Amino acid sequence: MRQLCKGNVAVMKGAVLAGCRAYYGYPITPASEIAESAALYLPQVGGTFLQAESEVAAINMVYGAAAAGVRAMSASSGPGLSLMQEGISYIAGAELPCVIVDVMRGGPGLGNIAPEQSDYFAMVKGGGHGSYHNIVLAPASVQEMADFTMLAFELADLYRNPAVVLTDAFVGQMIEPLDLEYAEAKLPEKPWAVKGTVETRKNLIASIFLEPDQLEEHNHKMDEKYARAQAEEPRYEVFEAADAEILLVGYGIVSRVLRSAVEEARKDGLRVGLFRPVTLWPFPSQALAEASARAQKVLVVELSSGQMVEDVRLAINGKVPVEFYGRSGGNVPSVEEIHAQLVAHMGAKVS
Amino acid sequence: MRQLCKGNVAVMKGAVLAGCRAYYGYPITPASEIAESAALYLPQVGGTFLQAESEVAAINMVYGAAAAGVRAMSASSGPGLSLMQEGISYIAGAELPCVIVDVMRGGPGLGNIAPEQSDYFAMVKGGGHGSYHNIVLAPASVQEMADFTMLAFELADLYRNPAVVLTDAFVGQMIEPLDLEYAEAKLPEKPWAVKGTVETRKNLIASIFLEPDQLEEHNHKMDEKYARAQAEEPRYEVFEAADAEILLVGYGIVSRVLRSAVEEARKDGLRVGLFRPVTLWPFPSQALAEASARAQKVLVVELSSGQMVEDVRLAINGKVPVEFYGRSGGNVPSVEEIHAQLVAHMGAKVS
Amino acid sequence: MRQLCKGNVAVMKGAVLAGCRAYYGYPITPASEIAESAALYLPQVGGTFLQAESEVAAINMVYGAAAAGVRAMSASSGPGLSLMQEGISYIAGAELPCVIVDVMRGGPGLGNIAPEQSDYFAMVKGGGHGSYHNIVLAPASVQEMADFTMLAFELADLYRNPAVVLTDAFVGQMIEPLDLEYAEAKLPEKPWAVKGTVETRKNLIASIFLEPDQLEEHNHKMDEKYARAQAEEPRYEVFEAADAEILLVGYGIVSRVLRSAVEEARKDGLRVGLFRPVTLWPFPSQALAEASARAQKVLVVELSSGQMVEDVRLAINGKVPVEFYGRSGGNVPSVEEIHAQLVAHMGAKVS
Amino acid sequence: MRQLCKGNVAVMKGAVLAGCRAYYGYPITPASEIAESAALYLPQVGGTFLQAESEVAAINMVYGAAAAGVRAMSASSGPGLSLMQEGISYIAGAELPCVIVDVMRGGPGLGNIAPEQSDYFAMVKGGGHGSYHNIVLAPASVQEMADFTMLAFELADLYRNPAVVLTDAFVGQMIEPLDLEYAEAKLPEKPWAVKGTVETRKNLIASIFLEPDQLEEHNHKMDEKYARAQAEEPRYEVFEAADAEILLVGYGIVSRVLRSAVEEARKDGLRVGLFRPVTLWPFPSQALAEASARAQKVLVVELSSGQMVEDVRLAINGKVPVEFYGRSGGNVPSVEEIHAQLVAHMGAKVS
């Protein structure tokens, strides 16, 4: 079914179609429509919406529901996500699947409610304690808000790990066409869950391993699944990269601006391409290394002071110069602004 | 005065000498002796110790005391630090000085209470939301627990930014000689503080900037001070690096094991050196690039699945191969274990 | 249907039959089976069971559900009820119906988990702030645990006021036959509720009246309904009172011991009767005054240091001497113990 | 020293002079000036002022400080006091001294911030669980706000029990002359306190007594001290009662209105007197019975729907008719209003 839909609402449409039946959260601009949609949709399908007393409580409720085998989620913006870091670390440590949506706003601190991408480090590197990774997907459209939420539930279950939909106030608030196919979600068996039944009575969900050797073994097991995810799950888009002298790199809403900038640049005869990471973790490092191999310069654009640029540099490992252009505080660069950057960089190269 | 002292206790001795007069925290193993010492020492010097109802409350009390111009601190271990991420982001956004001690334990989740270094990402990359950096110091001895805590208060005030003492259960719990000079702390003027006086009535401490241009300007101002810190504050130690074929890199307790391994290796005629980052942010990238320039391999050792290794790779930028060896769950590698790694790596090189 | 049932479980059987569809609470011995039963039964009838983060939260959730027109309840024991006093006062002030079950245990403070009747003042006089009354019903059997819970929902709706089932660890934990008729509850219309619909958008649920005249008018309106309840709702049982020289007065489990003591006394030719208040508020003052008119002494027995005895004295107003016999700490007097009291009192009279 | 002072401020001046060195609270109108004064005065004498995160936390902090032997207090209005009922019951159960000030406002629920006396039941009968009593003092002037606070600390220590200063928005907000003598408080020894010293290590502060006999014994011990207080501590004022046909009874601000009404009535030749309870618990029952013995009618006036009137009736026990006149919602009766009541009542008598 085709419909006009706001990005944040699309998240919950996707979630419900993915079989999500539990939402725990605390409202915050610019993520609140996700909670509102959850409150509207979940009771209609026999699910639970609960506004928790705080984000700390919300993420621990997600922990509980996930432990019971239910597809569960929360959503917030930066300040709320910071409050959830302990819970996320516990969920990752207990190897439980869940989906968390971060509709990024200006920071740090209270900041403002306009779009930024400055939670990258917190969500991709792991803002909580201990060695773990979130699976992180970065949608750039309303359609992807729904699709990636559904994918996030799949990957969360596949890897028994938190999966994050990392988006921003721009994508969350915009309204675009959305195509959804209403089909019954195929839910995986979860024989490890604690369901209050005789069969699952022996199951133990824990993030405590008192003996060092035992915890190290647990961490090795987690590392192995992370290595598997790094081998199999990187996702990305490449556009006009084959002959690009300058390869632009950006994710989320920025990738759409950059794509338009590539089109504009190509009209002017400038050989510019785009690499858009779709998964931020696992980061598509190998694909980026290949896509940038023939470029003379890589230009990373972010709505921050520079965070993903580190993963770009790690991927390229010194083979091509990597430059950074950032905006923040809610300012999103225009196509013209990027064009001017391109001209400056290519002119600099020529001279 | 020379005395035998436990690492965690040395933290508070340093803090009191540095003029710290407010401690807010919630106890957690293996950091609890810091709270105990704070409860013992601070009232003796007219200071405040308060056990908060949670880590969320504790860090917000630190925010308040710091806003009033008091040298204030908290301490915890991984789970508690995760709960403080929102508050830390707010303190950084409001440009307030404070000191936070993280005595790292095994993670993720509840994990265990043995040493790890797996909060590196959370503390160095910034586990909270928005573009900010913590200044991060990594002591490796009881003496440094005191000295770096004092230094942390100096740097926090100098940059009006949170400064983190990132240590672990090993350094926190061990007992070593400690030399302290009892001198009156020289406290800087803080004309920006809100002291409840007529003069400071106009002062405003905030982390909210509703207009995007205003927030971006604020972020640029923060970026400038971060650039200044990156230019002036990197600290490190180099040992036997000049002719090293293999350069070991490790911080905190690991650096002491590596130094012994270097000494052992040199006895065997193996040309091995050590680079020890003392500041983890700003990371001593340039010094490391120089120290590793003539090496054939860099081997990073951490008590984690690999976190600082990313900063090492960013510093070296592909010029020398960077390998990683990690232990976790509370296991600390022995000198022999590192020696075996060195032989394997150098043998591999020869063959 | 006739079945063997525990008192606390009977509460929830009655609640579900009464159309209760929302339970919010925090477990505490000796009331926990009520929460357990709620967790078991309510989802089966499309209702909500939620274990709140505290009793403070639980009673405020009851407030919310009651405002939405749902038959809602909570249950706890003394310490939990104390934490609910603010919420109960708010619910009464907002004129909302709800049912609260207090399974009294030994107090004050943490006390112990054995039966007492020492929350009488808190529940009957109103432990919260402001002039309000709870309707209070005191069951003495498993059958009454179910029946009075159902009645409590009826009275709560009729008077738009909290109704309390005041019972104790003895009645809550004992197992007896229970007869229940499974019939659809007839729920009253609640045109005043806030249901999230267009029709109820104008409805306002509030306990705030800023202008003194406005609040006084509100209080007068409440006083009028309390006067109506005092005229129409007093309930009690009288046993062998017509010719009694000594009239025993006791409620709940005590009334059963007293009834046996009356039977024993009558066998010995002692003219003893029993007055059992069933509603503690409104207190059956007039009926008690009449029943005691020809007695020479009234002996009140409570599991406390003496609380209901004040309402007995107020009812009798000096016309007959009122004596008190109490046990506490979880001790329940035996029939023999009461018999000895009777003999002593009657002997005293004779001599 | 003589000074003009607001009632709420006088409370803290008295508290500091009484040696109070710890205040924990959460602000609420019309009690907030007490917290403000505590924040101002206590640090000047080396004491602690702490704004807690809630009233529940505040009263538990009072518990802790009282257990350590410090004279500690809190203050609030009705809604806050309701939240403290669990803590008060625990403090009473643990036999700890503390002072709690209730500046009563309009209720129930949020009500308003104008004066009422409707927390009488909650504070005098015991709004918390279990058999305990608060000592309750009812000041009627700014001078008494200071004096009774000082007395409350004395009685609290003497009986190891919470002592309540029960006042209202009128007395709390009014400004009158205050005479204070600055003298060092004589603090009693508290060998039972837990002071973190070797000597007090064996001391145990508890409100838990698992065995029924043990708890009953504890309750009997408490009952004995309550009986002692009832024998020794009732305080009251009598004015023109000797030949009064109508005896007015009122406490706090009402007693001042009633005194003026007596003076007015006497000018008109009406034989009217006043009985003012100063302690509400222990209630001066015997003195009231004596003072009313020759009256033809007792008229109780309260700022509520009638609460203290029950204690008046219990004291008089049917010997004289007891009538009630109440105002609420923040309305305080005028002298003329009481005069009209007197005329009506005496007229009724004559006819």
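By letter and in written order, the chains are A, B, C and D; residue numbering begins at 1 in each of them.
One rule holds in what follows: contacts are C-beta pairs under 8 Å (C-beta built on N, C-alpha and C of every residue); 3 or more make two chains touch, one makes a residue touch a chain.
Every value quoted in this text rests on a predicted model; they were computed, and no experiment measured them.
The minimum number of touch steps linking chain B to chain C comes to 2.
Set against the C-alpha centre of chain B, every other chain centre is closer than that of C. Centroids built from CA atoms put chain B at 28 Å from chain A.
Annotation: 53 Å between the Cα-based centres of chain B and chain D.
Those residues of chain A in touch with two or more other chains do not exist in this structure. Under the contact rule stated at the top, the pairs of chains that touch are A-B, A-C, B-D, C-D.
The touching residues of chain B, counted against chain A in their complex, run 56, 77-83, 85-86, 88-94, 104, 106-112, 114, 116, 118-119, 121-122, 125-132, 206-219, 222-223, 226, 304-307, 310, 313-314, 317-319, 327-331. Interface residues of chain C facing chain A in the complex, by the touch rule stated above, are 50, 53, 57.
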